[in-house]
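Below is one structure; the comments refer to it alone.
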Amino acid sequence: MMSTFLASPIMHNIFAGLAQGVIYSLVALSLVIIWQSTHVLNFAQGAMAMFASYIGMTEIDRGLNYWFCLVVSLAVGFLFGGLTERILIRPLYGKPEINAIVVTVGFLGVIEAVAQAIWTSTTRNIATPLSQIYFHDQGRVVLLSPFVLFQFGLALGIMALVAVLFRFTNLGLKLRASALAPEVARLLGVRVNRMLTIGWMLSAGVGVVAAVIVASGSFGLYPSDMDGILIAGFIAAVVGGLDSPVGAVIGGLLIGIAEQFVLAYWSADLASLGGLIILVVALMIRPQGIFAKSVGRRV
Amino acid sequence: MKWFRSIVAQERTTARLTGVLAVTILTLAITFVLPPVADSQLAGGAAISIVILGLSWLVGWSGQISLGNSGFMAVGAYATGIWAVHHGSTPLIFTFFLATVIGAISGLIIAIPSTRLSGPYLAGMTLAFSAAISPIAQNYTSVTGGEGGLFFNTLTTPHWFLGLFSGQNATINANAQWTADLAVVVAGVAFFFMANLFHSHTGRAMRLVRDNDVAAELVGINLPRTRTVAFVVSAAFAGLGGSVYVLINATVNPSAFPLTLSITLLTLMVLGGIGTLSGAVIGGIIYAFSTNLISHLNSLTGINPTSNLGANMQGIIFGVLLILTMLFAPHGIAGLGRRLRFFVKSVRRVASVSTGE
Amino acid sequence: MIRVENLTVNYGAIRALDDVSVQANPGRVTAILGANGAGKSTLLRTISGLVAPKSGRVFFGDRSILSTSTENIARLGVAHVPEGRGVIYELTVEENLRLGAFASKVDIREGLEKQYTQFPVLGERRKKYCATLSGGERQMLAMARALISNPRVLLLDEPSLGLAPLVTSELMNLILELCHASDLTVLLVEQNAKSALRIAHDAVVLHLGTVVASGEADVIANDKNLRHYYLGLVQ
Amino acid sequence: MKIGKRNRRVAALLCSSALALATASTGLIGASAGASTSTPGVTATSITIGASVPLSGIAASYASVSAAANAVFKYIDKLGGINGRKIKYIRLDDCYGLAAYGLGCTAGASTTPLSNNQELLAQDHVFATVGSLGTAAEMSVMSYLRQNNVPQLFVNSGSVEWNQPSSFPELFGYQTSYVAEGKIFAKYIKANFPTDTIGFIGQNDDFGATGLEGLKDGGITIPSADNLTYNAADAISGSTSDITADVSTLAQNKVPVVVLDAVPGFTYGILATAHALGYSPQWIISSVGSDPLSVNTPLEAGAVTLSYFPSTTDNADPWIPWLRKVLEEDPADFPKFNSSSVMSFNELYGAGYALAFAETLRAEGKNVTRGGFVKALTSMTLATPAITPLRFTGGNHQGMQGGAIATVNSNGTLAPTSVTVTKSVFTTTPFAGSSINSSNWIIAPIPSWLK
């Protein structure tokens, strides 16, 4: 009984939506971490993650282990995030917020062009150690595979790790304080600049996890593979509230499922409208995102 | 007519008219000197500058950010395209009017749910609009022509204008210049209108709302209505710009209006300088001619421009230029000029103070 | 302990402090008085390194701290309670306190216990978000957070702002007590000159960025002209 | 000197306009060069042609098509050119017509197929555009080129739009139309899977729509449940959800044969998704999306496709070693190409239209005009590597008429790199009801002047 339920069309759509949704969630989470600390909307977030996953994951071609390559990608992501904050973003603090948009858009262009110049735009196939073949149940497909389960586990693990880090560790407390009240944090001896760099590193790392999942999936790795996902991630972050990591995660899952249901029951061409409808409805009800802490207007 | 007076400044309208007219005529004169390719590029730049001006008004004067202006532009563009396919022979002025009005209506539709939003939330809401345009255009093929879009050929160069040209490439040159001149004239009209708007009652109210919405409310400004007006005007300009843009290109299709175009518009506006006429002009110039500069820089590297590295070098240079401009001219290129003037002025003042004492 | 010499600070074209010299010693409360815009907060912010002066020198003991970063000044033992108290509303009471302990090598648990003993109200509300605290409780939290790192210098910016007279009076007594108990150097910026002068040992009067008077608090408090023109104290 | 506030604003705008003039002038030096004879682009010693093609962005893998054409032209130039004229081939990047607004596209903010064509005509004074790529991109410049009487030759697309001799007399297609391809697939299906249900996944534009039309015209009915499309724009955004839905629908219905009209990136995605679903039907893939080097997955092995060229590893065909030699001699376009490199269909495809252009130009003789070129092109037999005739007439500008059924091999490495092409070639026209003829494999002899 249970198993036919898992293979039912509705579960089919829920699994497909969740598989896409956790990717959006991770990207949204990474955008939120940066937004909280530096109030920068990083359009290059997806491209940075793509680049790190190219550096790490193409090592598989040299016969290296998938897990090792994943760790390499993460390390490159951390480094990349930190350097970006130090070199490109730091000069922008105190400047109009819109300037950061231009810089990150420019950076996005540079990263994708460099990636195409090095690796060309041909899709790369990443062989995963876990099978991507979906489970079958009495001849019917259940839209879950060992890799998809791993994908869920990895995403949940990363989200939990981020939550624990922010909520229960001294580093997390310093990160939050630096984001909420940088001047006060400095007066209390917190090295705020270092915290901002660490925030970008963490955020880039979370993005890399999303990019590696994308690259390992059925569309492979190519230089623009994160473009659409970044936009969906941004929408998810806005739906959840840009200062709420929990909201980002839930927003991502919502958008993933909404897209899948529009696709299945309305029109494939209009799939992306699913997420947009959620966005519009959410903002009309709560103008600062569903999970925003309502802070009164400060005069 | 109260609403009309509220958006047209009463003072110094003639002065502004003279200013815009001077620049328009100068630009028209320049089109006679420019090679035809540059004329074509200028035409596109003029169309985009109208859109940038509308965005600049929204961001610079009312303090609202929008990622939806490519959507408003697409609405004006499709209105133009659909009209041109069915009624190709109507006077252009009517087409422009139609695109402007339909653009404004789309702005109204987006503004109503957006007045309570700000910052990235407003960006998200407006992005939803521009992101929806492409799938909708693809889905309703019978009206929009789907993926391939619509094709029309409405811009015909008049005979008297053709007569000005002779020689082997006469038609090519004449057509290129005619489209450029047409786009420049439309842009001139749009810029004149905006110059007045900047100094109108509405413009001043807008500034107050941007700088301090609480104070604005206290002096009796209706916040939602002011914000809505800002959107409607911005969308009307985008609609007009989109109309000129597709008439120049003789085709309208979804891939011309990806949501990344909104980000590009924002980028061009910031590069030029936010909230000023000259900023929008510079943004249009960057749009039109940056490719030339980039190709030139690319040729300096000595890499074969058709190789994989060479073709992508173009994008690398573009991105690097964007970043460098923002790092070294954070208030845009127009702002750079202003800062220079301020610097000269303050040096003079310091000099006069020290000698005066 | 804190010595400021010939300090001049500009905000753009506006001169906020002009050739200001101030000295504050351990075990003494030094009040910085003056009207709104006199440059009191700027003085504290410059000591903490939040504002870069145009000229002048700032010493912590014998060490010049002019080019030291805010974070490192805090780590030296300068606790600055900024205007508006600087309590982070989105964090809990305990998180705010823990944050205060990072500036020194003090054991966090011990520090927390000590502050909860000193301020029992905070102990009761340790899991509450600061947005839910009253003005007096927020001030207590700000004090506790500053004290948890066992600082040697305490910079207080308008602690009485928004407090009821009775609470202000208690607060001032506490400041004096702390100052004596741990040989603390206290720089107390106040618009409420009366309360400040009641506990201060020394006082400095600022007007439009310049020092118009400095010396023993008693002397300042009894100068009629100062009282009238700069301190707003009329009998 | 005191300048009023208003005047300053005017001055600023004037300066900006001057800046426009200055910027526009850079890169345009020498704009008026060439064009000394009556035919644009033709001088006594050279002929200039151009193309707007994707060199960067998602379709950049097609860059090797025009690169190979360029290599052929350079080879011909080394032999002395055509009637004493060297061929100058200008290739401009248009990012597949996906208006280059940043993401994934690097051609520059305002570059479009139209702006590229304006540049080719007004600045480079090209004789013709040769081998420009993309259906939507080339449709957007048809009228412009027609207005200016510029031949638009060998458009790289299987749309039937290129075959309108009465309204566009200078417009010529090149590859077999998607309709004809569909019809030939239909014939193959009827012969090999007469009783099976057939599924279809196509791009939701001209490509998918006309391909499906061809299948229907060939007598294949596809149940509506198995007739699926994906959003072409998703190719840019990386959205995968509709592909997963499409493939799982076919998998649930256990459809044994599936026709794919997709670009290589999506062919990859579809094959990988099907593999994940444990679903392995017989794939029949359009030539547009089947090049094994571009699809780059062993999952493609066994798939059937249409080929208008011999296998790239078939050294018995004289064109293969000839083209390898040509590519090796052009290190600027093929930097790392050597005797052990693998050649893809893209290179054969590009070389094919370059040869067609060169041969026509040669046939036209010393006196070159656009009208003369079109006349020569519609009345001659072209020798190209194609195994199906590339032939134009006054009434048919489509280009190739068919191709051979080919199968993708697995050669044991990670990616399959070879294709076996059957020896019989099918030809047909895009017109409804026209019959499909089976003819012999053509190996056109390499003209002696090219050796």
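Per-chain numbering from 1; labels A, B, C and D assigned in written order.
Basically, a contact is a pair of C-beta atoms (placed from the backbone, for glycine too) under 8 Å apart; a residue touches a chain by one contact, two chains touch by 3 or more.
Keep in mind the model is a prediction, meaning the values are calculated, not measured.
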For subunit B and subunit C, chains touching each: A
From subunit A, the most remote chain by mean C-alpha position: C
Chain pair, A-C or A-D, that carries the greater number of C-beta contacts: A-D
Geometric centre distance via CA averages, subunit C-subunit A, whole Å: 43
Whole-Å separation of chain centres (CA-atom averages), subunit B against subunit D: 35
Inter-centroid spacing, subunit D versus subunit C (mean Cα positions, whole Å): 75
Shared-contact residues (touching 2 or more other chains) in subunit D: 56, 60, 102-103, 106, 204, 231, 236
Residue numbers of subunit A (touch at least two other chains): 105, 108-109, 112-113, 116, 120, 231, 269, 271-272
Listing of all chain pairs that touch each other, if any do: A-B, A-C, A-D, B-D
Residues of subunit A that touch subunit B when the two form their complex: 35, 41, 43, 88, 91-92, 95-99, 101-103, 105-114, 116-117, 120, 231, 234-235, 238-239, 242, 267, 269-273, 276, 279-280, 283-284, 287-289, 297, 299
Touch list for subunit D against partner subunit B, complex: 6, 8-10, 12-17, 19-21, 23-28, 31-32, 35, 38, 40, 55-56, 60, 63, 66-67, 70, 91, 93, 97-99, 101-103, 105-112, 114-115, 118-119, 121-123, 125, 135-136, 139-140, 142-144, 147-148, 204-206, 231-233, 236, 332-333, 335
Contact footprint of subunit A on subunit B as seen in their complex: 59, 65, 113, 116-121, 123-125, 127-128, 131-132, 135-136, 138-139, 214, 259, 263-264, 266-267, 270-271, 274, 308-309, 312-316, 318-323, 325-327, 330-331
Touching residues (chain side subunit B, partner subunit D) in the complex: 12, 15-16, 18-19, 22-23, 26-27, 30, 33-38, 40-42, 44-45, 48, 134-135, 138, 146-149, 151, 153, 168-169, 171-173, 175-176, 249-251, 253-256, 258, 260-261, 263-264, 267-268, 277-278, 281-282, 285-296, 304, 306-308, 310-312, 314-316, 318, 334, 337, 341
Subunit C residues touching subunit A - in the complex, by the definition given at the top: 48, 50, 69-72, 74-75, 79-80, 82, 86, 88, 90-91, 95, 98-100, 102-104, 145, 149
